[in-house]
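Below, subunit A partners subunit B and then partners subunit C, in two separate complexes.
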Partner chain A sequence: MNDLNIAATSNTPGIKACRATGRVSLSGDSYPENSFEFFQPLIHWLENYLTQEKQPLTMELSLAYLNTSSVRVMMDLLDMLEEAFGKGIDVSLIWFYEAGNERVAELAEEFKEDCTFPYLVTPGPA
Partner chain B sequence: MAAGDDSLLVRAASMLQQESAGVAELRSVLEALLGRCHDQQRLLDRVTRLSDGYQRAERERGHDHLKHYLRELRRVEKIVRISDRYQVMLQEMNGRLVSMANTDALTGLANRRFACEELESRINLVQRNNGSLCVALADIDRFKQVNDSFGHAAGDKAIKLIADTLQAGLRDYDLCARWGGEEFLILLSFSRLDDAGQLLERLRLAIESMVFGVAETTLPLSISIGVSEYRSGEASFEVLKRADEALYLAKNAGRNTVCSL
Partner chain C sequence: MSFPDIPKLRDVFIAQDIMLCFNGLFTATLIDEIGKALRNHMQHHDESPTAITDVFSVYIEMTQNIRHYTVGRGLVDNKAISTIVVSRAEDGRYTVSAGNMVGANDAERLCKRIAELNQMDKAALKAEFKNQLRQPREKLSENNGAGLGLIDMARKAAEPLWVSVQPIDDEYSFFSLRVII
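So, the complex of A and B:
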């Protein structure tokens, strides 16, 4: 199982996923032309990690803008984490937002609605 | 009903009509008929139970479909809700960017880019409505001395103070923009040259009477203003050129004055 390291572009976030540390990070804006295609490697990686490794996983998000299809993918990712958490896997999420940009914080909270796993929204590293 | 059942019924009917028929024989036929009847009843009960089971299963399946549908609906609603909020966020960001692109950072006045667009737009309006528009250029007198003697921070403070004073003295529909370093462009709509001259004279006086404190002392500040009225059919650069020439006259006339052309 390889690590993921996808560089950010002007319309897609950078994605890093490390098997050894169980750390997944997404940062930047997300409005790809095809969100489902773009996020497929990450979804695949998470499926493998959560079903094979069953090790703790921390997802760190520094996302400012998401288009509609990215919102949909994000909800799928959260569902995956929720399902893994329900099976006893130690998953957690930290959503960083730029201090002063409360809109992003409010949106991160809105995503949190149905999540029961540890989920923190905090002003954080740029 | 099976053929056997028919023959039992025929035999029973025939025996009931024959007085000679024996009771024991009649009883055995009736018992066989009763047994058949019980079999039918059991079969009917079984079919009813199965049918109820199928109906229950279908109902539950319907409930499951409904639950699934409601769950999906809720999910779609959430996606739309979140997405709408992202669009609002984007619009706000765009609004801030547009505002930044049109605003001078130091003074908060319109910048030169916006002022140029506004001048063209107001000229178009004057052409359509046969209205009037005066264009003025104001320049801070001996500004270089402020910068050289007290530093650029003091110079910036002077520019900001003058910008605030000019802005405060204008009408809602006038525009004051930062045109260059210490130069301001003022657009006075619905004004003929005389009216504009009076208004600009009040601005000049307001600035002359300001108290500008810097480095524990006070500095006198003043501005020179050149103003011109737009003439129908001319291009924006022509009226600007006349305003600039009028400003030159004001400077040559000893500064701290308003000249018109």
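So, the complex of A and C:
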């Protein structure tokens, strides 16, 4: 399977996914009209990685703003991580937020309520 | 042919403390560009990052809902012309208002839904948001996607959502929504 390296645009985040390191990172704003379509490559990548590789996975989110359709996709991604964790795969998530902007932190904390895998919500990186 | 009455428009803009407005066909590019302008404008006025995010997110949910609906219903010409206004309100609050043509049945459904949301407190809205988030994707699009967006707006609103429906003909009404943040 290939690595993903999708450049950020004004309304879609940059996406990096590396098979060798098991590191997935998303950074930027996310408010495309059709979020499901936009995130499809990442959903496929995660499906493959978690079912075939069964290696540790770390997801890092540095998302400044998400529209509700992106929030819907985030839930799907976290569900995939939760399911993999339930099968004994070592998954973890770090959700970075901009200090002073409470909204992303609140959203991240709300999602955390439904997750049992290691999940950190933290300000930065600057 | 009539011409824009600039002094009169200016008086309205000043009286209502309007920061930004657009009337016309919403395209994806336009929603993006106006959104960027809105954020920049608020940053220049030293608004808090949380206030900027809240106003921006209500703006995005409203305009994307309208565009989704207008495109989905195949509305064209005057029926596709929609309005968005962002203004300042009292006590440092902001108002995001928008209006668009909707089928009369949809106007009724939306009003009913908004009345329900207006009855809910923050905890109930949070539960409703999570509940809606868990709906299958097909069901979300049946709601013209407005389900999550409306709840999100209600969660960010400082006062109950305000709606008005103005019947245009047998089939269509002009639906307006105002959110105070």
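Keep this in mind: the second predicted complex is superposed on the first by the 125 of 126 C-alpha atoms of A that agree within 3 Å, B and C clash if a C-alpha of one lies under 4 Å from a C-alpha of the other, contacts with A are read in each partner's own complex, and residues count from 1 in each chain.
What we mean here is this: a contact is a pair of C-beta atoms (placed from the backbone, for glycine too) under 8 Å apart; a residue touches a chain by one contact, two chains touch by 3 or more.
Worth saying up front: this structure is predicted, and the values here are computed from it rather than measured.
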Side-by-side fit of subunit B and subunit C on subunit A, or clash: clash
Partner chain in contact with A:F36 - subunit B first, subunit C second, else both or neither: second
Partner chain in contact with A:S10 - subunit B first, subunit C second, else both or neither: second
Contacts of A:L107 with subunit B and subunit C, given as first, second, both or neither: first
Touched partner set for A:N67, first subunit B, second subunit C, both or neither: both
Touched subunit A residues, subunit B compared with subunit C: C
Which of subunit B and subunit C A:E98 touches, first, second, both or neither: second
First (subunit B), second (subunit C), both or neither touched by A:C18: neither
Overlap of the subunit B and subunit C footprints on subunit A, listed as residue numbers: 65, 67-68, 71-72, 75, 103-104, 110
Parts of subunit C lying in touch with subunit A, wherever the complex brings them together: 28, 32, 35-36, 48-50, 53-54, 56-57, 60-61, 64, 67-68, 126, 130, 133-134, 137, 140, 145, 148-149, 152
Touching residues (chain side subunit B, partner subunit A) in the complex: 75, 78-83, 85-86, 88-90, 92
Contacting residues of subunit A [partner subunit B, same complex]: 65-68, 71-72, 75, 103-104, 106-107, 110-111, 113
Complex interface listing, subunit A residues touching subunit C: 10-11, 31, 33, 36, 65, 67-69, 71-72, 75, 98, 100-104, 110
